[in-house]
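Next come two complexes built around chain A: one with chain B, the other with chain C.
Coming up: the complex of A and B.
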């Protein structure tokens, strides 16, 4: 029998793309509502913040508000400028990330590639548990236990490396510095980054790792030249997620940092720093209506900044692994 | 075949995973410049055995080992022997083509050097000779900087062979190198094996009886019965194992009666 395809082509029919049964329709409805409400909530929050802060942005000027360094509610007219706090948030997050990344990657590597199964299970649990510690608890621990210890480390760092500008300290006060706040943030974001990195590692093709070892690579070169480049996008995504949390951290930093409206550019051991979120909460109680507007505006800046970081995270995760379709 | 020709030799190799004894007293000789095929039904331990020859099996956390593997007379499990050094002499090609996805074709060929922290004076030359030896040079010479994953499956596998050859190993282990490939690619790989055979010792695990007959000088038949550890039922010249097997189970297997 021969096949003749030269007949008229069958008419293209409609396919059922929509839910058919009642149960399916209900399920689709619920899922859709949930998804849209998430978007609506974010937009509503942004709208609320913008409406309450619009006057601040108008009176202070957007550029001056973000990049100026004076915040004084006793002046008339009131002057509100955010930069020392914005920079402080960035500095603390950078310290936290720089310290957390190697630690988190090591933890993930240990759990995924070294530990026996039982140890790996327990370690995974502990890391996830660490991520669940409320930040107020970490703040209290930071204030009452950790600050003194870390101040001791700071002194030693200063004694050994004081000639490097970032380790300068001219006040002999090592408490409540960006360095200590950065360490507390490290404790908070290590589990986030470790958990995501471990997940990415666990999804990696073991054959590629084996190939590296079979070619005479050792564990270190395999991690550096094969595992990290292959898992890179996911790991960077995890790091940026941790960074997002670090930027938004409020209470824990409030307890361990001296908030000063005088930009501390790099002297991380000085008892002087900034953090938008902590500043908002520390000023909120005594703020007059006009200053509250300024705090809302600070919230907008933080919100947008965090949004940018998160957008960057998802972009990198999606784009950095072209071979994963 | 005398013992002195034997470049690689296993003596009473036993392997355990946790409490499970998976290989029992495997003693095989792999003469220089010959191809040895390891055949047998799934789960008989041949893939595990081939991994004992470059100490890859010990990457599984619960793995245990007994016996000896002698490479040029030296026990690769001897005290003070670095498994990483063993793997420099004994290369491996895996079942599934596994080029490094983040690297280009050229980088893949040179990856072993980078991973083992060595420098090559003639990197460009090494890329060409390695790719030529794996008979893929003509297909990729104009696109050495393309990502390795842009190649077809068969080309990727030959790239993986080239990657191993760049390290100039004395022994090349191949664990079912064609099982993920189409017949055309399989034929190319087999030709490559035959071209390489005069220069090195090759051990290949295969499920394909015709393949064993086409490429191997000698063949070992592995079997694991009812949860017992795998062992070698028969080992000899390939023609003999296939045409006049001594053990009836070998006869059944090579003629497709089970497995």
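Coming up: the complex of A and C.
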């Protein structure tokens, strides 16, 4: 067999703009620089926070700082340990996410598969608008409108299910509990999870859904056997993004939570809890230079924690949308 | 007589015949109507007769009856498998309406409480000489609106070119690190706002380069705004047909001219959306501004001189003061922020609508 050297097999050429002048090189260089500025910003944040908090980490010890549970600026030497706040952040985010996931998936499912087109359009707009409610407005609403209502719910929960440890409350105070903060966080992250889930649902291959329906499946079996397995990855990523947002929430929680440096492991109706971000903003005003270092260190912990969760989430979302390459 | 033979492939049914599954039997319609109305009526009756708590009624009376009713309809339509179907419909609609009620309550309370504080003088005046319990006839958020516009405007001026250039890198080049950048941008969109504030505080204020000033606030907003702008403008550039670019390049245009004269104008309305959504993302950010611009009670037009007020920090300050009047002011400021966000969103919607009609 001979190969015709003069006429090689035509390969479909991929057209790409390659820089072929100085101006072009400048153009692509600027684009590249801007793209890498994202990496630079993340590194700068880490570097500056670490430089301000290095002394705290050194004096308190990294393990003690993260897992100890005393924070007292009046002691000498000053004692700063973060665990009640870190655990509080995790607890509140978990409550918020657990409550938000069914609601968000319901909304996304309703918009994509149940509602008539016109209703779906309006609902999409409403969800997007809700995602833009500033957290301080939610904090205001939480403090002056929602707290009393939610405290009433907590009382009923405690009366009915008080024998289950997580609904225990030995005081008579149901205000400013992790449960209420979790509900406020729910209101905040439902739109975020819902809009990502809706996007994933809307990009699904309609043919496999129609095939399932044509084979006699009903809505429930189609959701369980077709939609969720196909869109699952993206939905999980959306949930993690919501979780990351919940962990970093600051001012919305500040007004509805009693920040106490005493680890509240699971009694979500008790009037004590913690949140790193809210603690930073509430202590910042009257902190001395040494305590500011501690707050910076708390910022480092929060930043690393959310960055890991968010990176994981966006990796999963990206994997669930291979057509985006 | 000649017989006419239809040579076209099997004719597709038209009109109602084309979608037999969309015809729903009368029996089903009646059943669904019953299942939607009867539990609500029963629940309301119980509520009015016994006067029990609304939430208790909802969970103890309405929901069980509604679930049973939906399951019955499911059985009627699909047979035994229909039970879960009915359950799914009830749970979906219940969860969706629960959160819509909560979000509606947020909007309603902001509008109802805020409109009492709102007046032309509240929008126009600044806060000099105002004590927490001064009556609402004096003072307002004028200085905070100006401060917000200046701070957010400055960050917009910096962030939009950066975001656009990032989007160019993501759509117009063959860079190998595109996946990494995209993942990182998405992860940055979840950056806790307080961390961004701490970062700028550590870099410029704690190190003694400056005291509290407007421009530090603008810097603190950049990391929060960049991911939104970059992602939305990436979507906008992606929507531009590849043929347009290829056409420009084939005519001999260098890449930068092809982008500036062909791709960018074609994506113009999408870019407007990107800018507006980016602004809407940061206009209510509180924590970074509390840490970097502090608060002021009079108008400050100089970004580089002294503390500067903004709407979120105004709101933040007045919530914690605890007087009726100060809380009224907080609601008023919340309403002003929400109005600004709504205006930005509506404009963004209109801009993206012109894009879709232009393509037709």
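Note that in this section the second predicted complex is superposed on the first by the 289 of 325 C-alpha atoms of A that agree within 3 Å, B and C clash if a C-alpha of one lies under 4 Å from a C-alpha of the other, contacts with A are read in each partner's own complex, and residues count from 1 in each chain.
Note that in this section a residue touches a chain if its C-beta (ideal position, glycine included) is under 8 Å from a C-beta of that chain, and two chains touch if they have at least 3 such contacts.
Bear in mind the structure is a predicted one, so any value in this text is a computation, not a measurement.
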On the A-aligned overlay, A:208 touches which partner chain: chain B = first, chain C = second, or both, or neither? first
Taking the superposition as given, does A:257 touch the first partner, chain B, the second, chain C, both, or neither? neither
Spot which of chain B and chain C makes contact with more residues of chain A, would you? C
Which superposed partner A:269 touches (first chain B, second chain C, both, neither): neither
A:218 in the overlay: touching chain B, chain C, both, or neither? Say first, second, both or neither. both
Touch test for A:313: chain B only (first), chain C only (second), both, or neither? second
Classify the contacts of A:189 with the two partner chains as first (chain B alone), second (chain C alone), both, or neither. neither
Quick check for you: in the superposed arrangement, does A:229 touch first (chain B), second (chain C), both or neither? first
Overlap of chain B and chain C contacts on chain A, residues 213, 218, 221
For the complex, give me every residue of chain A touching chain C. 15-21, 23-24, 26-28, 30-39, 41-42, 44-45, 48-49, 51-52, 102-104, 106-107, 109-110, 114, 125-126, 128-130, 132-141, 143-146, 152-153, 156, 186-187, 190-191, 213, 218-221, 223, 241, 244-245, 247-251, 255, 277, 280-281, 284, 292, 295-296, 299, 302-303, 306-307, 309-311, 313-315, 317-318
What residues on chain C touch chain A, complex-wise? 21, 53, 55-56, 74, 78, 81-82, 84-85, 87-89, 91-96, 98-100, 102-103, 105-106, 109-110, 113, 161-166, 168-170, 172-175, 177, 179, 181-196, 198-199, 202-203, 206, 222-223, 226-227, 230, 245-246, 249, 254-256, 258-259, 280-281, 283-287, 290-291, 312, 315-316, 319, 327, 330-331, 334, 337-338, 341-342, 345, 349
Taking the complex as given, what residues does chain B use to touch chain A? 54, 56, 59, 61-62, 84-85, 87-88, 91-92, 94-96, 98, 100-103, 111-112, 114-117, 147, 149, 160, 163-164, 167
Note: in the complex, chain A contacts chain B through residues 116-117, 205, 207-208, 210-218, 221-222, 225-226, 229-230, 232, 323
